Amino acid sequence: MSGYVVTILITIAIYAILAHSLNIITGHAGQISLGHAAFFGIGAYTAALFYTKAGLSFWIDVPLAALVAGVVGAVLGIPCLRVRDDFLAITTMGIGFVVEAVFLYIPFFGGAMGIGGIDLPMWAGREMTKSEYLILILVVLGTLYALDYILGRSWIGLAWSSIREDEQAASALGVDIVRFKVMAFILGSALAGLAGAFYAHFLTFIMPYNFGFGQSIMILCMVVFGGIGTRWGPIVGALLLGLLPEISRPIMEYRTLLYGLLLVAMMRFQPSGLLGADSFLVVYFTKGLNRIRGGEVKA
Amino acid sequence: MRKQGLLSLVLAAVAFTMFFVGAPVAAQDTVKIGFFAPITGPAAADGMSAKNAVELGWKEVNDGGGIQGKKVDLIVYDDRLKAEEAVAIASRLMERDKVVGVVSGSYSGPTRVVAPIFQKAGMPMVAGYAVHPDVTWNPNTKTSNDFIFRNGFLGEVEGAAAAEFAVKDLKAKRMSIIFMDNDFGRSISAGFAERAIKLGAEILSKQMYKFPGEKDFRPYLTTIKEGNPDVIFAAGYYNEAASIVRQAKELGIKSQILGEEGFDSPKFLEIAGDAAEGVIIATNLDRDDPRPVVQNFLKNYRSAYGHDADMVGASSYDAFMILVSAIKKAGTDPKAIRKALLETKDYDGLTGKISRFAQGEVVKPVQIQIVKDGQFRRRAIIDNPEIITPPMKK
Amino acid sequence: MIWQQLANGISVGSVYALISLGLTMVYGILRILHVAHAGIYTLGAYVGLLSFRLVDNFWLSLFAGMVGAAVAGYLVERFLYTPILHLSRIAPLIASIGLFTAMEEAFRIVAGPHTLVYNARVGLGDLAIGSFRLTETQVLILLVSFLILLFLWLFLTRSRMGLAMRACALDLETASSFGVNVSAIIAMNFIIGSLMAGAAGVLIGVYDNQVWPTMGSIPAYKALAIVVLGGLGSIPGTVLASIIVGLSETFFIGVLSIPFPRDAVAFIAMILVLMFRPYGLLGKA
């Protein structure tokens, strides 16, 4: 594969981890977040600072980034429990702005100059190639999906879906709402931090603007586009919305317009996402599969 | 669940097929030059100025017979001011389009991200106006990115030139500074303050405002008015700049307003109206420069696009022309192009005569322009080598 | 100086109020976070500017901008929101964000990426008492905001339709069972909210002398913070929150000189208030 394709695939794989992490908070536990890029940024900045200032290696700064983002997610998740629904959405958005402002205004974080010189990881005594880095991220993504599968079948997964469907009923049945909500926030934030660390080492230079409101919206769009709460939805969303800007390069001036219109059309006609229950794709695909299977039986 | 997984695979396959349909076309016998700018999204206005100006230069080159008889192929990409798109563009330009050199018509963020990529690959890039100091510098190895060149001033240089003018020419002693919170605003105001203090002036206040989005400067200016400074040094792009000078006039502020290249746009004059009269700026485009390269550009830009050129356009045009002239000299081998760029000497540029590049940074005089009768006019030229030589990074 | 800063803060606050009021009205009835409201605001500014260039009269252009915004608001309600109202809250939110992005791009493609000037003579004068001064455009903003608020208050408290609208905000289904034509009320609600957004767009266009494609991107989220601070759906709360945010931003910058971005002020205030009052200043559970 050419470096160009690998570059795009790395971006998409990082966004897939990120979308997956938001899917835990918004899809599984049903808590809308409009500030998820903040945790992506916290991970990226943690990795960048440990790498450039403390001289730690990639293999140590990446888990640290997930840890720090998870801890901050826990701290910020607790006040978020005070508010619900749309108030929560706007509160998380506010957190996003405040975190961006902290990166921008506190000189320790590099301010508007950003942080540079964050290299790709070392592997077997030399710097990894982009293809190797891609494989590493894909392995991580695969592991996360395996974990997600296990989690979905566990008590935690059931508790989350009960909170998502009806918080009061879940509480009446004895589900400890606070505990499970905070767990979703911690896990989602930690994984976003992990994605941020990969992102920082891939771009080699980060600025506060990379983690703003627009980025939060984009992550949410990926989740919703693919199918919120579905297992594969975030990957499909990241893949399609990640490829769209590249595919649409020939119509340069109109591609952002196209992006906006696509979101509108999607919500208007396929609001549950491409992989959601009543998506036209799922319906036709199931019909097709059944027909094939039916054919086999007859033969 | 399995059904979903299968469907995802099908979707991925379809998406990739679409992706690969746009496969590279067979290479023709042209000289390919890459260009990227924020053509859509929040910085589209500057992106379009840069693109328009560079396309003007491109037509001029081809009308003049191209480079060594070959036509120039300009490959234009939109980065939407996003770092990850810029990274993809960098790979695409080198691998699919096989360009021999790149021009940046974008801001610091995207340019700073692609600079190490081009440096590593040995691909020359000339940046039009991106200001981040590490575009030309690797902070890890503490070495210069010697494939990367910048046609715009470092913020420190332009800020110092403005301070030099304020103290020596305007005889100002008491100054207030208001600047935006991005890399450009910070570095230029730091350069201004440092030089002004060195020359014995006093800085009364330093205020930073949010970029983008700040429109209401009255609270800042009301504070500045209290101190009654001789000069207000304001750093910002033309939208903010116009709001600052308008609101200063509304509040009855009499201090001289001194700006920088971000003011340098016909839009500034239009939005600020009467309030722009007498405002002085430090920039790189001298509209009263009689050299044909300047006057022809101003005339051709106007007739091609129906409005006057700005600093962003002029700087990007220059960046493109600098690269073209190096290719004319050295051929299409990237290493030879870099060598030609390193050896640039007394180049007759649109934004001033470039004496040389030092660590990739341009060395040329800073232009001081004043607004008179709704036009930018020459006021002074700062060519003190102590000021215009960029500080060596180490 | 403190009086001057007070005047600065209140002018900014009344502009915030004009933008946020429409948003809070829409939320009050439909429970939608209508991000595209900021697109309607920008549309109002462009329509106003276009008609100003045609007829060269500020008041007519203000009217045109308001009407243009109202028509757009109605269309958005009818063809985008109403069909997806029954879905989870996130669908209208994403649709709204997509529409806002598309609108910003459409403005750029149609009117060009560069800033346009809205250099209108209004015909009011400056107001100066000693060193304290209100410029013509500040007087204009305060005057028009006051008139619009007065009209809104009279409409909601004194007219049958206003009563029906308040009933719908309390409980859509009950109102419907009492014979209120809910779909007409929803449409009216959008139209009034958009009229105000259009007026805000024109006023800001003249105030800054600038109209540009992404002029709505800051109001898009700042208005949300204000609306939430005031208590989602509460009209007096929104007015109060707008003035508080306008004043506190101005004092942060002008009096305390704290180097922190203006927008963060609104959000910090919002988060703090929500910790003690989870439904905002004047909101109800």
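Chains here go by letter, A, B and C, matching the order in which they are written, and residues are numbered from 1 within each.
One rule holds in what follows: contacts are C-beta pairs under 8 Å (C-beta built on N, C-alpha and C of every residue); 3 or more make two chains touch, one makes a residue touch a chain.
In this text the structure is predicted, and so the values were computed from the model without any measurement.
Colleague: Graph shape for the chains shown, where an edge means the two chains touch. Line, ring, star, complete, or other?
Modeller: complete
Colleague: If I rank A-B and B-C by number of C-beta contact pairs, which comes first?
Modeller: A-B
Colleague: Once you find the CA centre of chain A and the CA centre of chain B, what distance in Å lies between them?
Modeller: For chain A versus chain B, the centre distance works out to 34 Å.
Colleague: Find the geometric centre of each of chain B and chain C from their Cα atoms only, then give the gap between the two centres in Å, rounded to an integer.
Modeller: Taking the average C-alpha coordinate of chain B and of chain C, the gap between them is 35 Å.
Colleague: Residues of chain A that contact two or more other chains, please.
Modeller: 104-105, 253, 256-257
Colleague: Provide the list of chain C residues touching at least two other chains, using ranges where the numbers run on.
Modeller: Residues 105, 259, 261, 263 of chain C touch two or more partner chains.
Colleague: Can you list the residues of chain B that touch 2 or more other chains?
Modeller: 40, 181
Colleague: Along chain B, where are the residues that touch chain C in the complex?
Modeller: Per the stated touch rule, the residues are 40, 42, 44-45, 47-48, 181, 205, 207-210, 212-216, 218-220, 222-223, 225-226, 238-239, 242-243, 246, 250-252, 267, 270-271, 273, 307.
Colleague: Spell out the residues on chain C that touch chain B in their complex, using ranges where they run on.
Modeller: So the residues of chain C in touch with chain B come to 1, 4-5, 8-9, 12, 105, 108, 113-115, 117, 119, 133, 135, 204, 208-210, 212-214, 217-218, 249-251, 253-255, 257, 259, 261-263.
Colleague: Which stretch or stretches of chain A touch chain B in the complex?
Modeller: Spelled out, the residues of chain A in touch with chain B are 2-4, 6-8, 11, 52, 104-105, 111-114, 116-117, 119, 202-207, 209-210, 230-232, 235-236, 239-240, 243, 245-247, 249-250, 252-253, 255-257, 274-275, 281-282, 285-286, 289.
Colleague: Would you pull the chain B residues touching chain A in the complex into a rising list?
Modeller: 1, 3-8, 10-12, 15-16, 18-19, 22, 39-41, 76-78, 80-81, 83-85, 87-88, 91-92, 94-96, 109, 112-113, 116, 132-134, 138-140, 181-183, 185-186
Colleague: Flag every residue of chain C that touches chain A in the complex, lowest number first.
Modeller: 27, 31, 33, 80, 83-84, 87-95, 97-106, 109, 221, 224-225, 228, 232, 259-261, 263-264, 267-268, 270-271, 274-275, 278-280
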